[in-house]
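Take a look at these structures.
One chain, chain A, links the two complexes that follow: it is found with chain B in the first and with chain C in the second.
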Partner chain A sequence: MKRFWGFVVKEFFHIFRDYRTLLILFGMPAVQLMLFGFVLTNEIKDARIAVLDLSKDETTRKLTEKITSSGYFLLDRNLSSFNQIEPAFREGNIKMVIVFGKDFEKKLKKENAAKVQLIGDASDPNTANILVNYASGILNSSLLTMNAGQIPLQILPETRMLYNPELKGVYMFVPGLMAMLMILISALMTSISITKEKETGTMELLLASPLRPAQIIIGKVFPYVFLAFIDACVILLLANLVFGVPLAGSVFLLLLETLLYIIMALSLGILVSTVTNSQQIAMMVSLMALMLPTILLSGFIFPIANMPQIMQWLCAVMPPKYYIIIIKGIMLQGNGLAFLWRETLVLVGFTTIFILLSIKNFKTRLA
Partner chain B sequence: MTMPENIIIVKDLVKKFGNFTANDHLTFEVKKGEIFGFLGANGAGKTTAIRILCGLSYPTSGILTVAGYDIYSQRELIKKNIGYMSQKFSLYEDLTVFENIRFYAGIYGLSKKEIEERSERLLERLDLQTARNKLIADIPLGWKQKLALSVAIIHDPKIVFLDEPTGGVDPITRRQFWDMIFETARNGITVFVTTHYMDEAEYCDRVSIMVDGRIAALDTPANLKEQFHVASMNDVFLRLARSKVTTEE
Partner chain C sequence: MKTLRYIIQKEFIQVFRNKRMLPIIFVLPLVQLLILVNAATFDMKNIRMAVVDLDMSGSSRGIISKYEGSPFYKIVYTTYSVKEAQEQMQRGNTDMIMVIPADFEKDLVTRNRAGVQFIINAINGASAGLMNAYSTQILMSYNRSVMAEWLTPSQLAGIQVIQSENSFWYNPKLNYKTYMVPGILVLLVTIVGFLLSGMNIVREKEIGTIEQINVTPIRKSQFIAGKLIPFWIIALFELAFGLTLGKLIFDIPIVGSLWLIFLSGGIYLFVILGFGLLVSTMTNTQQQAMLVSFFFMVVFILMSGLFTSVESMPVWAQEVNRINPLAYFIRIMRMVMLKGSTLHDISSPLIALGIYAVVIISLAVRRYRKVA
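So, the complex of A and B:
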């Protein structure tokens, strides 16, 4: 045991002597969270629009006012003909044009239908989509209030967004970011630190010493469990205090699941280091095989349900997917283990498989 | 009885990687306290054999005893009684001289007091007291090499395995390093050393020369030179290597 602690102490020296590692370990979570929280947001504010009002009556004036006073849109200019639409987009400031058809009010009253055209700048498809949705939402609701009482039967849907009423992007990003950073720190850092020992030849010395292989591996990963765990706490605190992400469920369960995920990522890192001998390859494998899938295939940014079937199967073998489900469940919905035991079991399963594979690889290498 | 006991006994060691036979029925003994040179060209199977003896790899077949322990069933005991120095000198560049000593002494289970005492003695002997708190990355290669050997024997092993310990250093440093090896042997530690510098073979008590996975010759340098009627170990080696070429053709 004393030997083992000497080993752990040495490992901490390595980490603290290398300011770049330290920077990655503690700078990255904060920076990433700020980036995702403040910059990468889907919310729209003050998008510049133009209005082509061919009717110019009371109703269209009111509707325009509603839209521009919503906070999402800023009226950049009024257009007077269709030919002005394209040049307006080309200039680049305008994100959307609203066209009110002729005799808007009259038609609305007589025929109960009038034409509004929303033209989005789809060179940026996401923004265009969101803008058009926002605008049609505002148009619909204001038309309904204006016409109240005039249409005999109507359905008034009342929407409520559960668990994230303001549809804040950061609610989504915090779980994803946790999944990504834990993989990065745990898998990438351990695989690099183990392959580094192989590169410098110190691994041979360690293996020739009375330390058992298990002690060597645990000694190498132990500091990273500790650091990754601290990082997880930092992210959670920042998310809660700065961005107001709720913590609806049990913090204890959240930390426990995080620990499980960290151990899963570490065993993955160990597995990577049993198949490579150089730090560069370990880094490439970790980045390409772990980071990209974590970002793309875990449901972090792109919803899995919208993917083609094959991609969905691929997503099913991505451990971060399950972790994201778990922590979203705990943080936003306040779920307990009763709802999350399946995902938890999957993570335990992954961990076991990675460890067994690592042991197998390790033995073949020694034989 | 003045016959020294055999500290390493290898009988019919075979190591195969798939179809390739790296060690083909090696049989030799190393006597306690001697400097045993393990020679051969690159790829002759030296490193494979030394890895097996250090417990880093399993043999395919054969009977092996190191420091009196069986290589199959008593590996942990073997590991406690041997030291190992690899050709890369293998110290941690981002740790200081003292931290490296403390770490290696620590993994061999030395107590805190022993570590303090031995590292002071070691630094004094190597004249490295001033470099005690310097990072390994900042000290010259020759110092690293001496330090690596000292660290490999800090726990007083019965045998120390040196795998090409003099690669990449200048002749004077090499000579100084061999003085350290002599001193190690005088202190009763058996030295098992691989090298491909034939002048170094002259310093060994006995040498074995490996060619293509087999031991082609094994004796004292003097006897080998006499047997092949040549003046230097280099010529002995060339004779053996050439006979290999002719048999192949």
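So, the complex of A and C:
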């Protein structure tokens, strides 16, 4: 046991002496959380639009004003002919063009209906869709207030955005960032630190020492459990204090699940390091096979329910998916284990599989 | 010139001899393109809705059947208690709840207005916005049909309406893949380029082979150029391959000129590879280099406008994006590929990238010291 602790201390020295790595390990989550907490948002705000007003009367002027004063849109320029629409879009700043038809006011008075054309730049399909919807909503509701008329039989939708009323990106980002950084620190760092011993030849020394293989591996990963766990706490604290991300559920449960996820990631890291000998390959495999799937296949940004069936099956074997469900549930919705036991079991299952595979692959002899 | 050629030759031999690295460089990114493009979608297909119908009238049933008929919605739960529906949402079984209050029909007839409540799980802001837009649209269309049915022609004539005619240019079917393919392609080329170059010099440092190069008459600029060019060619090749796949498999329109895409791709790759080499000269171990690269890459990727639009970011963040090469290139790629923008339209981001490339490569050359 004493030998083992000596080994753990050695590993800690390795990490703490490399102050650059340490700085990044602790600076990174803080900086990233800050950055994205303020930056990533799905709110539509100040989208640049252009107006092609072929009628130029009182009503169209008022409607344009209504639209630009809504806070969603910013009038970038007025166009004077259809030919100018295409170049305006191609320049890239303008997201939507509103075209008021000829004799807008006259038609509205005479025929009770007038045409407006909303052209969205659908090279970004989501934004275009939302912008066009917002604009047509504003147009019709402002016509109503302008006439102050009572339209019969109106159905009015009232929307409540639950859990995240301001559509803040940080609510999505905190769980995602946790999942990503835990994988990075645990899986990547361990796989690299083990392959490094192989590459520089010091693994031979360790294997020849009286330490048992299991002790070597546990000693290697132990410091990273510690580091990853501290990082998780830093993220949670910052998210809660600076961005007001709620901690609706039990903090204890949250930390426990995080620990489970860290151990899962570590066993994955060990598995990667048992199948490769070079740091470069360990890193490429970890990054390519872990980072992008963690961002894209975990439900972090893109909802899994929208994906094609095959993709959903693929997502089902991504451990971060379950972790993200768990911490979203605990943090934002205040769920307890009663709702989350399935996901927890899946994580336990992954951990067991990775550890068994690593044991099977571990070789006490190099080369 | 001859020296340079030998360094380039050495690098190529090194890359192609490494049988494990080859599939990681060439196959993995393209497999990822195929997989991830399918995953990265906000296309709403199955919005799982819970319905709380407290009115139980003809009108409320009319509304519900509108949603049932829509391809976007799947009604997964019907109940008479809002609390129960919210519990379903908490369990993650439903994405949104529609509440039709009691006396809905009565209010509609007697008071001429009645409300319907949508409760949306907004943890994912982007989908929440879309769900809201879709739901409102359907409700409005129901509203119009009710008016047409119940009102007398003279009453109808008194209502002024603006008929908005919506059209979506460049992507009329709002196909999300069209939007994502250029972005993800850029992402993959970036990751491969950045990692290859970022790990390269530092690896020679760690193994010790850098000493052997340091004692040769190779000049600093030759060394950096020799490291840069092979990866530049590999990454450009990958870009071409990815474009072909995107065209063949996802049928992505390439409206603008290919020549322009490769021109900007070439300049962009100089920036990224220069950045990687700079990181490589400034760190001592591969572990450090990887962490630094990872840090910059995640910041660059998430701020680039690949997933959330740059316009909705605060002004200071848009200023920060001025030093984000990824933001420039994704913008250029989307403009040229999807909208057919010309050299004139993209001149300002292109010039920015050009300046960036010159600055970053000269920095890398300066930082590289021929002493250990």
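Going forward, the second predicted complex is superposed on the first by the 283 of 367 C-alpha atoms of A that agree within 3 Å, B and C clash if a C-alpha of one lies under 4 Å from a C-alpha of the other, contacts with A are read in each partner's own complex, and residues count from 1 in each chain.
Everything below uses one rule, namely that a contact is a pair of C-beta atoms (placed from the backbone, for glycine too) under 8 Å apart; a residue touches a chain by one contact, two chains touch by 3 or more.
Just so it is clear, the structure is predicted and the values come from calculations on it, not from any experiment.
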Per the contact definition in the header, classify A:D18: touching chain B only (first), chain C only (second), both, or neither. both
Please tell me which partner, chain B or chain C, touches more residues of chain A. C
Touching A:F89, do we find chain B (first), chain C (second), both, or neither? second
In the overlaid three-chain picture, which partner chain does A:K2 touch, first (chain B) or second (chain C), both, or neither? first
Which of the two partners, first being chain B and second being chain C, lies in contact with A:L268: first, second, both, or neither? neither
After lining up the shared chain so the two structures overlap, which partner does A:G137 touch, if you call chain B first and chain C second: first, second, both or neither? second
What is the contact status of A:S209 with respect to chain B (first) and chain C (second): first, second, both, or neither? first
Is A:L332 in contact with chain B, with chain C, with both, or with neither (first, second, both, neither)? second
Which partner chains sit in contact with A:A305 here, chain B, chain C, both or neither? Use first/second/both/neither. second
Per the definitions at the top, what is the overlap between the chain A residues touching chain B and those touching chain C? 18, 200
Chain C-facing residues of chain A, complex: 18, 20-21, 24-25, 28, 31-32, 35-36, 38-48, 89-92, 95, 108-109, 112-130, 132-137, 139-140, 143, 147, 149-165, 167-169, 171-172, 180, 184, 188-189, 192-193, 196, 199-200, 276, 278-281, 283-285, 287-289, 291-293, 295-297, 301-303, 305-308, 310-311, 314-315, 325, 328-329, 332-335, 339
Counting only contacts in the complex, chain B reaches chain A at residues 51, 54-58, 76, 79-80, 82, 84-95, 99, 102-104, 106-109, 161
Could you please specify the touching residues of chain C with respect to chain A in the complex? 20-21, 24, 28-29, 32, 35-36, 38-46, 48, 63, 86, 89-92, 95, 108-109, 112-130, 132-133, 135-137, 139-140, 142-143, 146-147, 150-151, 155, 157-172, 174-176, 178-179, 187, 191, 195, 199, 203, 206-207, 283-288, 290-292, 294-295, 298-299, 301-303, 307-309, 311-314, 317, 331, 334-335, 338-342, 345-346
What residues of chain A sit close enough to touch chain B in their complex? 2-3, 6-7, 10, 13-14, 17-18, 200-202, 204-212, 366-367
